[in-house]
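Both complexes shown next keep subunit A, but they swap its partner, so subunit B is in the first and subunit C is in the second.
Entry: the complex of A and B
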């Protein structure tokens, strides 16, 4: 029932954001496995500002390539399709929701810091699990809370109430959302991700990161981000709107076969990786 | 210029769907091919299959495969195509870039590369090969730029192929390591002097070394995998059953020795012991049975004793030789310096001593000669019919000259059949035995010689009432060089050769000699000597008959 109410509400917003044309094109092109670096490069080259931003980030310490990358095609063949697609996507979304913005109740800078930490942590967990496409996992973590940005930008009054309730009662933002709005940021994010045509895995992560079992066969991917989210809150990396640390979903913990020692080691790795990843936030502005 | 949204372009969508379908088909096929790579344990075959399949995906013009070598601590070329061997050194790889690519673990284009005959239009790329936990190496490929090989699908395919090949190479490494350690253990097993057989819990032979095959006289070592009960000799199976039972009960079985007959008339004393074999989780996985050839050990022991006896003999003989010589020398010196030349009586007395001592020496030397003849197999006897009474008479006459303290009693039935004997040698036997009887009864007493017929032999006992022989010595007194140690009680000289020679003489006549004795009561040497065949039948009566006549 809550879902219908939410759909109704979202449909009433005329100016619900769309992805930039370039980002949209890249999403589509990269859906075809036959697409080549040349095609992706050609599409990005339509926006020279984006090209220079991508080259800047490609040459940043986050990727740490030992030589200078000078062309967008070069960036693609070195960083790979997934990285480039994610950069375009991230750039597009950061443009929509700049770090400096909102009404002060919801601190977007802290929000992006948390998202970045979550991306880095997800990547490290995935690496430990032996997964190979770590770039994908990074973007899952980075964009998992996208729904909060939608709420902040388009349900301003409602969301301010949510943040106020969170601060007063010291509860989880999700509980406050459900209490006041009848739906949560995960559902909002899921609907928008569908609309934007984001990759299926990313959409599932956005929609189910508070409840991994609902992702069914994709539970493992969602569990990674769920766990990263909780860990980042636990060590206070950024702030996603509330200060309470949610419980770890036990099934996810078991599924990923983690233990306290692994988590301890992860903590020290996170600190190091996050230093490099900060370049991405600079890039956002 | 801004492009119109492609999402409306149905052709684009159709292309995407068909691309995705093709992708699924290709991945399915790749999976099948990679299964072949993974199930291969031959290094060269894995490398060749890998290079083939990468070529299928991106049709490179040339490629070089580098694998990390732990010993060299660097990457080295293990395969190449489309490159001449002499050009290989011309490829200068930037370590920083290589390390970056390996860290990212992704198929990556590289443009900064020094190489021979560089082309403008080729696309150089590095495909990392990763194992479960470490980088194994990378494949450097060159293909035409126009071919547009850098696609998402190719990236995915190559990453899949590389990961499967990485696993295959690691498996191959483990496999060859396993083989290596198997060979190593086998070498150890083969170089052990003992025979070793291992069996599993189902009694199947799992390992057998060459020594075991040789020791157990097995026709072939090709019995691995068979139940030991079906393949080994019955008496061996019985012994293995025994030590196996013990090992299963206690974890091990101490060595027991048993006689094994690998062939008729071939007896090998074998030591056998066993232990339970455990795996890393302490589960019983089998039994190891170790065989030791005790023959070698016994031979060694025998040689050691022989060596001891010989040293003892040399010291005995030296002593025996020296004492008569020094007596002779001192008497001769005295005669030369101190005895008045006209004092014939003293001279005669001294010369008698010298004469006796010379006899002693002669006897000793002749004993030594006999022993050396016996040992070299040159000791021969000439048989002829001889009456025992004649032999005894000669011996006793000699004896009577030498003792006053002993009373000799001879009891030989008059109709005793002749012996078939070498008279001189037989006299030597009796002389020796009687001499011993006198020597070992220093207090005097009766020495009796009693003869009779027993079956087809003449039985002759020589008894004294002397000091007797201890039980522990009885078994050994016929051994060469063996002397009963009486030094603390009596000074009795001898070489330890007499009885050995006697036994040999009696035996070469087809007879037997044995001894009964009691310490302090005296000894009886009993001989059985064969009749002369020609008269054996007519005189073949037993002792009782003779006794009655």
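Entry: the complex of A and C
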């Protein structure tokens, strides 16, 4: 079978999406440890719609701060640079690929539901492991599958064939991608994440979430999202584009010390948390 | 859930699995309710069978096995390619127990 060379395809796509100018600026500013909250605030304030969305999120039950946050500078101080950067990033990507978009063949609304559930589940697993950067882990889960959105939007014909094969043969979307295209959404997502200059941890999650050991020293963080993805598929939260379930990587299961009882408790927690997290999808408005 | 011949399809039945044509295009979405014109249209497009919740079940609110058996069947179908894998069996058991304790369904719709 003549596979499409991914790099060839990507190089021919002139309109491959770029992050918004503001998102790019925020990424650069927040990477510089000498930047101030004022500078970040000034960059975000160039887009008043973004300011209002961030304030809505900061005041939502997702964060649950007791006092009302009324200015962007206050939000930056309270949430921190990393969280603000992640929110701007999520907003930029949700703007590019809205829940109601697509040609209907790949169900974007179900896709975002699944992604949201993965974010929540990743955060809950990380909390159980005693990690500190829980909101960042949430974003890893939320954005881990962006490669599918790129395929849906920019490889339309190829991806329609993939989804058709998934439905006809009842196979995993990744297996259909590998069969038809010779590459998968994780690879596509990884290349685009590099192009966008996304944070290193997020890029590794996007690229290796189907194969955590390939993330080497970052295997544990990638394993969190790998497990979250499978758990959400198991309990039927949203739809990642197929109706089958991939095998959990044995080393990841052991590394995160999961078992049946813990998974059952996680399912209950996910259900409670997901209502709060839905506020995040106001970014899709 | 049952797969029925299109000739046996009746008005009011709920479609449990989307109906696709040979090109893989969706003709009818999951959850759609069949009507006479819809059944006629499916026949004219060469569709021979549909997966539905039976009308009998819809008419009987006292049916003692509503959602869970369907969900369990779907779960088994979802896990069919990974049966025998120790971790996946443990995960499937966790889902089954969770569903049983909860009484079916999940929280995100």
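In the analysis below, the second predicted complex is superposed on the first by the 281 of 285 C-alpha atoms of A that agree within 3 Å, B and C clash if a C-alpha of one lies under 4 Å from a C-alpha of the other, contacts with A are read in each partner's own complex, and residues count from 1 in each chain.
Note that a residue touches a chain if its C-beta (ideal position, glycine included) is under 8 Å from a C-beta of that chain, and two chains touch if they have at least 3 such contacts.
This is a predicted model, so every value here is computed, not measured.
S.K.: Using the touch definition from the top, say if A:253 reaches subunit B (first), subunit C (second), both or neither.
M.R.: The answer is second: A:253 touches subunit C but not subunit B.
S.K.: For A:263, select first, second, both or neither according to whether it touches subunit B, subunit C, the two together, or no partner.
M.R.: After superposing on A, A:263 lies in contact with subunit C but is clear of subunit B.
S.K.: Between subunit B and subunit C, point out the one touching more subunit A residues.
M.R.: Comparing subunit B with subunit C, the partner touching more subunit A residues is C.
S.K.: For A:21, using the defined touch cut-off, is the partner it touches subunit B, subunit C, both, or neither? Pick first, second, both or neither.
M.R.: first
S.K.: Give one of first, second, both or neither to describe whether A:197 is in contact with subunit B, with subunit C, with both, or with none.
M.R.: In the superposed model, A:197 contacts subunit B only, not subunit C.
S.K.: Kindly classify A:129 by the partners it touches after superposition: subunit B alone (first), subunit C alone (second), both, or neither?
M.R.: neither
S.K.: Looking at the overlay, does A:30 come into contact with subunit B only (first), subunit C only (second), both, or neither?
M.R.: first
S.K.: Pick one for A:74: touches subunit B only (first), subunit C only (second), both, or neither.
M.R.: first
S.K.: What residues on subunit A does subunit C touch that subunit B touches too?
M.R.: On subunit A, no residue contacts both subunit B in one structure and subunit C in the other.
S.K.: So in the complex, which bits of subunit A are touching subunit B?
M.R.: 21, 24-25, 28-38, 43, 46, 64-67, 74, 76-78, 80-81, 130, 132, 197
S.K.: Across the complex, what residues on subunit A touch subunit C?
M.R.: 104-105, 113, 116-117, 160, 163-164, 167-168, 170, 230-231, 233-238, 243-248, 250, 253, 259-261, 263-264, 267-268, 270-272, 274-275
S.K.: Along subunit C, where are the residues that touch subunit A in the complex?
M.R.: It is residues 20, 23-26, 71, 74-75, 77-82, 85, 87-88, 90-95, 97-98, 101, 106-108 of subunit C that touch subunit A.
S.K.: Give every residue of subunit B touching subunit A within the complex, in rising order.
M.R.: 1-3, 5-7, 12, 15-16, 19-20, 22-23, 94, 96-97, 100, 104-109, 111-112, 125, 132, 148-153, 155-156, 159, 163
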